[in-house]
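So, here come the structures, one by one.
Below, chain A partners chain B and then partners chain C, in two separate complexes.
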Partner chain A sequence: MDEIVNIAGATRAWLFAAMPRGRIAVLRTAIYLFVVLDVVYMRAWVADHGTVPASLWHPLMFERVLYLPVPTPGFVTVVKVMLVVAALAAASGRWPRFAGTAVFLLYLEWQFIAFSYGKVDHDRFALLVALAVLPTAGLARWGDKERSQAAGWALRLIMIAVVAVYFMSVIAKIRYGGLDWVSSATAMRAVLRRGTMFSDPFRNLPWVFVFFQYVTFAFELGSPLMLARGRIGRTYALIALGFHTMNLFAIGIMFWPQVVCLGAFFRLERLHLPAGLAWLSPRARPAEVEPARLSRGVRAG
Partner chain B sequence: MNGLRALWRGLATAGLLAAIVWGSLGATDDTFPIGPFHQYARADPPNGRISVPYLQGRTGSGPWKPILFADLGLRRAEIEGQLGLLQVPVNRLLPRLANAYATFDPGAEAPDALRLMYKTYLLQGGRAIDIETSERARWTRS
Partner chain C sequence: MLSARRRRSRIVAGGAVACALLAGAAWGTADEWPFAPFSQYSGSAQPSSTYSSFSVTAIDELGRRFSLPPRLMGLRSVELAEQVEAHRTALADLLSLLRNSYVRLHADRTPLRRLILKEHVVSLRGGRLAGERARAIAWWSDE
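Moving on to the complex of A and B:
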């Protein structure tokens, strides 16, 4: 019984450990600006779905339950404009609850528009969790070293979501491919379909891709280490960045939303806006500063 | 942090964990954003076949010309998803694609015929040893 109480206490302490608001501020800027970039440039094709006939639209479960409309050019444009405006407002760090919640809901709808035509991508999960929890962290300013439990909880949930994407990918590989996945031709398939100048020369060396699959499997299986405190966690997050970069060179795919969310693992609170731009970042109102006894509670990095 | 704030955050955390576990073990893409992270999770046999679809169109009796999936407002993987996961019969899909071509760029000359082609790599020991091209289905404007 004592062990259970201890585990529950340690879990609670980890989950609500106070963390610097400055990290939230930088992450907000990066994530909300990424949303703008994603919508208008990186995945501009989503807007094209507005022109696609409804006969090719296959609404996902939540779209059916919520009676969300068939994407049309007008509807897609309205969602896009509102999303960009809300994301720019949220990126400024002001109105974090209102603008942040609007971005979450609009970006979720944007993903429904993207994924209702036969293909769901799996690199959006951590970003959606980040968009859901960032509005709860209160006002935050770049370079703010003050710690708060609200900031800590939001960062913890982003971390959990990032690790879940890696770790549960192993579960999916076992569920869909079985343990034979590691020795299969799956990476070769990816390279044959969308190889690059860096990976095409290896087409006649299948063992290279099998080795890469073993490395991927091991990396994803070990991903919970990213949640370890201090240098171990940060080093594993750096390895994750290397993993994504390797994918970019091999098959031209970068899981950008996941990469942006990896920022939660790094000490972004050390970053400061240039002096001339400091006015862009809001100051926390005194009412939102939590009592010192809580801020000095459990600390995490 | 007061009790109520900690309580709803604790419940939200439990909800997230439940969604992650259920999503990976029991859900499908249909329940997005909850679902399995199965991109590249299937095991392609080292002595199997790897197929890549592409589209061609022609006007009148002219030559077949490539049509990009982007010219329909779609992605290649979406066409594969319509045929595979969503089980749309190919003879129903092709006229819909022709319609998509017309609505995506109303000013463009619409093809009178469309055919879905496959480029197939034959693997042996994980290495591609041959390539075949084949026609899967054809649609002609009536």
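Moving on to the complex of A and C:
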């Protein structure tokens, strides 16, 4: 019984270990600016779904439950404009709760619009979790070394979500492909469809892709190591960046939301805004600053 | 410091999301997104097998024939494939809907007179590309 209590206590301490607000500030800027880039440029095709006839719209379960409307050109434009405005406001670090919550809800709707025509992508999960928890972390300023539990919890949840994407991917591979997945022609098929100048020369060497699948499987299975403290976790996060870069070269796909969220694992609090831009970052109100001695109990990151 | 109440509410919310995610991974389908299984590239393509992709060829009022990327009809390639599977028994109707989508997106372009849906079948043998063939599987015409 004591052991269970100890495990629960250690888990709670780990989840709420105080972390620097400065990391939240940098991550907030990066994530909200990414949302703008994603909506306006990287996945601008989502807006085109407004022109697709309603009979090709297959609403997902939550859209049906929440009675979300059929995307039309007007509706999609309104969501897009509101989302960009809210994301720019949130990227400034001001009104984190209000602007951040608006971005989360609007981006969720934006993804429903994107995924209701036959294809659901799973690379958005960590980003959605980040958008859900960032509003709870309070005001934060670039370079702020002060630690807080609210920042720690938000960062921890983003880290867990990043790891969940990798680990749940390996679960899905076992569920749908079985253990045979590692020796299948899945990667070869991906290269035949979306090959690049880097991967096309290997089309006649199937063993290269089988090896790549073993590496992918092992990487995803070992992804919880990313949550280990200190150098081990950060090294695994670097390996993840390498993994995504390899995918980019092989099939031209970069899981950008996942890559942006990987920032939670690094010491972003060391970054400072250039002197001329310091006014952009808000100051934490005195009442929100926790005395360092209170948050020294458990340290992380 | 977060109060005990705030810590508790965060634990409950995080736990609920984790449970939904685990349930989705174990038993869910894409329909339950964002708690859907993470199934991209999770299928096990056999080293000796075939797979299909689809393309659309258009002929406009000037008689010009050109390939029409799904993006110009408001869809991604993979969404076109899913829509083809969902409309297997009414592919001409699907092409008519796609033509409407094209008109809405590109009202300034020369109107289309005919659309042809092609299926491209790729064969693998021993994990290597063994052959490709394409055939028209549906037509739409404004006549």
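Everything that follows uses one rule, which is that the second predicted complex is superposed on the first by the 298 of 301 C-alpha atoms of A that agree within 3 Å, B and C clash if a C-alpha of one lies under 4 Å from a C-alpha of the other, contacts with A are read in each partner's own complex, and residues count from 1 in each chain.
Keep in mind that, in the parts below, contacts are C-beta pairs under 8 Å (C-beta built on N, C-alpha and C of every residue); 3 or more make two chains touch, one makes a residue touch a chain.
Computed from a prediction, not measured in an experiment: that's the story for all the values here.
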Once both complexes are superposed via chain A, do chain B and chain C end up clashing or fitting? clash
Go through the superposed model and pick first if A:126 touches only chain B, second if only chain C, both, or neither. neither
Who does A:259 touch here: chain B (first), chain C (second), both, or neither? neither
In the superposed arrangement, does A:237 touch chain B (first), chain C (second), both or neither? neither
After lining up the shared chain so the two structures overlap, which partner does A:61 touch, if you call chain B first and chain C second: first, second, both or neither? both
Once the structures are superposed on A, label A:164 by its partner contacts, choosing first (chain B), second (chain C), both or neither. both
Chain A positions within both the chain B interface and the chain C interface are 12, 15-16, 45, 48-53, 55-56, 58, 60-62, 108, 111, 115, 117-125, 128-129, 136, 149-150, 153, 157, 160, 164-165, 168-169, 171-173, 175-178, 180-181, 183-190, 192-193, 203-204, 206-207, 209-210, 290, 294
Complex interface listing, chain A residues touching chain C: 12, 15-16, 45, 48-53, 55-56, 58, 60-62, 73, 108, 111, 115, 117-125, 128-129, 136, 149-150, 153, 157, 160, 164-165, 168-169, 171-173, 175-178, 180-181, 183-190, 192-193, 203-204, 206-207, 209-210, 290, 294-295
Chain B contacts chain A in the complex at 1, 5-6, 9-10, 12-13, 16-17, 20, 23-25, 29-33, 35-46, 48, 50, 52, 70, 72-75, 77-82, 85-86, 96-97, 99-100, 103-104, 121, 123, 125-128
Give the list of chain A residues in touch with chain B in this complex. 12, 15-16, 45, 48-53, 55-56, 58, 60-62, 108, 111-112, 115, 117-125, 128-129, 133, 136, 149-150, 153, 156-157, 160-161, 164-165, 168-169, 171-173, 175-178, 180-181, 183-190, 192-193, 203-204, 206-207, 209-210, 290, 294
Within the complex, chain A is touched by chain C residues 1-2, 7, 10-11, 14, 17-18, 21, 25-26, 30-34, 36-47, 49, 51, 53, 71, 73-76, 78-79, 81-83, 86, 94, 97, 100-101, 104-105, 122, 124, 126-129
